[in-house]
Amino acid sequence: MRYLVLTLAFIFCMATSAMAKAPLTQLPQDITVEEAQKVLNAALVKAVDQGVPMNIAVVDAGGNLKAFLRQDGAFLGSIDVSTKKAITARLFNMSTEALGKESLPDKSLYGIEVTNDGLVVFGGGELIIRDNMIIGAIGVSGGSVQEDMNVAKAGAAAIK
Amino acid sequence: MRYLVLTLAFIFCMATSAMAKAPLTQLPQDITVEEAQKVLNAALVKAVDQGVPMNIAVVDAGGNLKAFLRQDGAFLGSIDVSTKKAITARLFNMSTEALGKESLPDKSLYGIEVTNDGLVVFGGGELIIRDNMIIGAIGVSGGSVQEDMNVAKAGAAAIK
Amino acid sequence: MRYLVLTLAFIFCMATSAMAKAPLTQLPQDITVEEAQKVLNAALVKAVDQGVPMNIAVVDAGGNLKAFLRQDGAFLGSIDVSTKKAITARLFNMSTEALGKESLPDKSLYGIEVTNDGLVVFGGGELIIRDNMIIGAIGVSGGSVQEDMNVAKAGAAAIK
Amino acid sequence: MRYLVLTLAFIFCMATSAMAKAPLTQLPQDITVEEAQKVLNAALVKAVDQGVPMNIAVVDAGGNLKAFLRQDGAFLGSIDVSTKKAITARLFNMSTEALGKESLPDKSLYGIEVTNDGLVVFGGGELIIRDNMIIGAIGVSGGSVQEDMNVAKAGAAAIK
């Protein structure tokens, strides 16, 4: 019995030591997979409620894809649009709707959509904010811009 | 009262007719969102069991992204690798491991990885087969190739 | 006088309130501009010491460019190589030298360099680690691989 | 002793001769790393003064990146925008503001922003001119277009 305890203690120490040596690979305050799923599920509920199938993408604070889901029958072209909406929102720390208003022909950011390998400058991309800190963004595409925005906002609202 | 009933019946007929006109936007036998989630969850169980964080991507029969999840701390570079593994498997209807064996310098498909905007020619991409019909593929990246393959196979096995 | 004080207090409150409303746009533990410059300068010292002009790139925890410098006469082609080295190291949480060893024709990650819009699989990309947490990476290109590695390691060593 | 001196003199001559053979790798009058840093630092002073975090990029006479810095919290999307602003200014030898005026829907260069892998056609890109010779350009992005222009002009003004 004592031998077993010692062995377990030894294994535990080794494991702890091994763990202590491996550096953290994700910044501690970045969006977690649980938060991303919470956002995605809240968005899905709204999408089902509206009855128009959607593509839903979630990116982290670095603008890298964290979660994605395409509902049955949703536009194939919206895989890229939803992902770019999420990325766009994070890249400029505002909704794609807000960015879009400034990128019209007579506004200050006209043409910005050709940068960053293509941005989306209409609604459907919203920031995900936890405790007043931007931890990622959600992008939604599949219906009218208003429908996309409804789903994106419902998703983003799942994190406070 | 009778007038109301007739009006409702008329509206109902019009609605049915309108619905009948909208064409189906997804092949009836393509992978469903429920199946994609089932694959993803089975893969996640294996990934958690192995203790190495993974990127998991599921594509449909058309090779288009259907679902994606990146566990906390998983390689950022594996967003693209996992997605490309799923696409690669479906593009050539075999596991990426099988394709890889044919793309070595002395084999018949040498260099194939630079086609299709980049393929992945090592293990971790597996076909999703329902009733002897390919309905999509799963791609996994984040650990050793063996660990990736374990997770991909666990995911693919969720559909029979 | 009292009026001025009250006005200033009011302005201060408004400013504080406005500041409190604006969400944080960078995760608190990500690499700072001071750290990036410290890495870049330490790398430069080594580069000058070696006498071979270099391109030096620093990316943050999300793999996004934070700082860059090209010494006079350094290879133009190394702008992209140095940046891709830094990105590659962060994307797979290891030095590009370590990744390279696994991407040879007879190794498990053969062909991985065609993913992620092009990776660099030879030495010169190193992780930047603060307090056992990956906060970014440095990529260096301009000389022999050994010279590049010397500079990259000197830069990365500036953060502990 | 005399032998040693002669040997060293011989080696020195060989070295000088070898150095003489290596061709110059940068045009003598192109922007130097010291000039690029001077431009970047002058821009930084203005950015800190304005209180809005910026991305600042400097390119050489060939339009190739020479120096870059992203302040903490600055837009991630402005890495590309600032770089493209600097490139755009040099590609057409005018400020991005000036080019932008000609690229509106009713002007002669309408649509030019989709060429060259994406140009930026609003203010924030300025030429760097030494002794009446264009030696590079600076691109700034992170705030309003006016704020970007203020920083870019402050940077460009550091070289005369």
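What to note about this one:
Read from first to last, the chains carry the letters A, B, C and D; within each, the first residue is number 1.
Assume a residue touches a chain if its C-beta (ideal position, glycine included) is under 8 Å from a C-beta of that chain, and two chains touch if they have at least 3 such contacts.
If you're wondering where the values come from, they're calculated on a predicted model, not measured in any experiment.
In this structure chain B contacts its sequence twin chain C using mostly different residue numbers, the overlap staying below half. With centres defined as mean CA coordinates, chain D is found 44 Å away from chain B.
Each chain gets one centre point, the mean of its Cα atoms, and the points for chain A and chain D are 34 Å apart.
Our note on geometry: chain C versus chain D, Cα centroid distance of 19 Å, whole angstroms. For chain B, residues touching at least two other chains, in rising order: 75-76.
If the chains shown are joined wherever they touch, the resulting network has some other arrangement, not a path, ring, star or complete graph. Those residues of chain A that touch chain B in the complex are listed here as 24-26, 32-33, 36-37, 53, 62, 64-76, 79.
Those residues of chain C that touch chain A in the complex are listed here as 20-21, 23-30, 60-64, 93, 127, 129, 132-135.
Those residues of chain D whose C-beta lies close enough to touch chain A in the complex are 75-78, 80-81, 84, 100, 103-105, 113-114, 118-123, 144-145. Contacts from chain C toward chain B in the complex involve residues 62-63, 88, 90-93, 105-106, 108-112, 114-117, 119.
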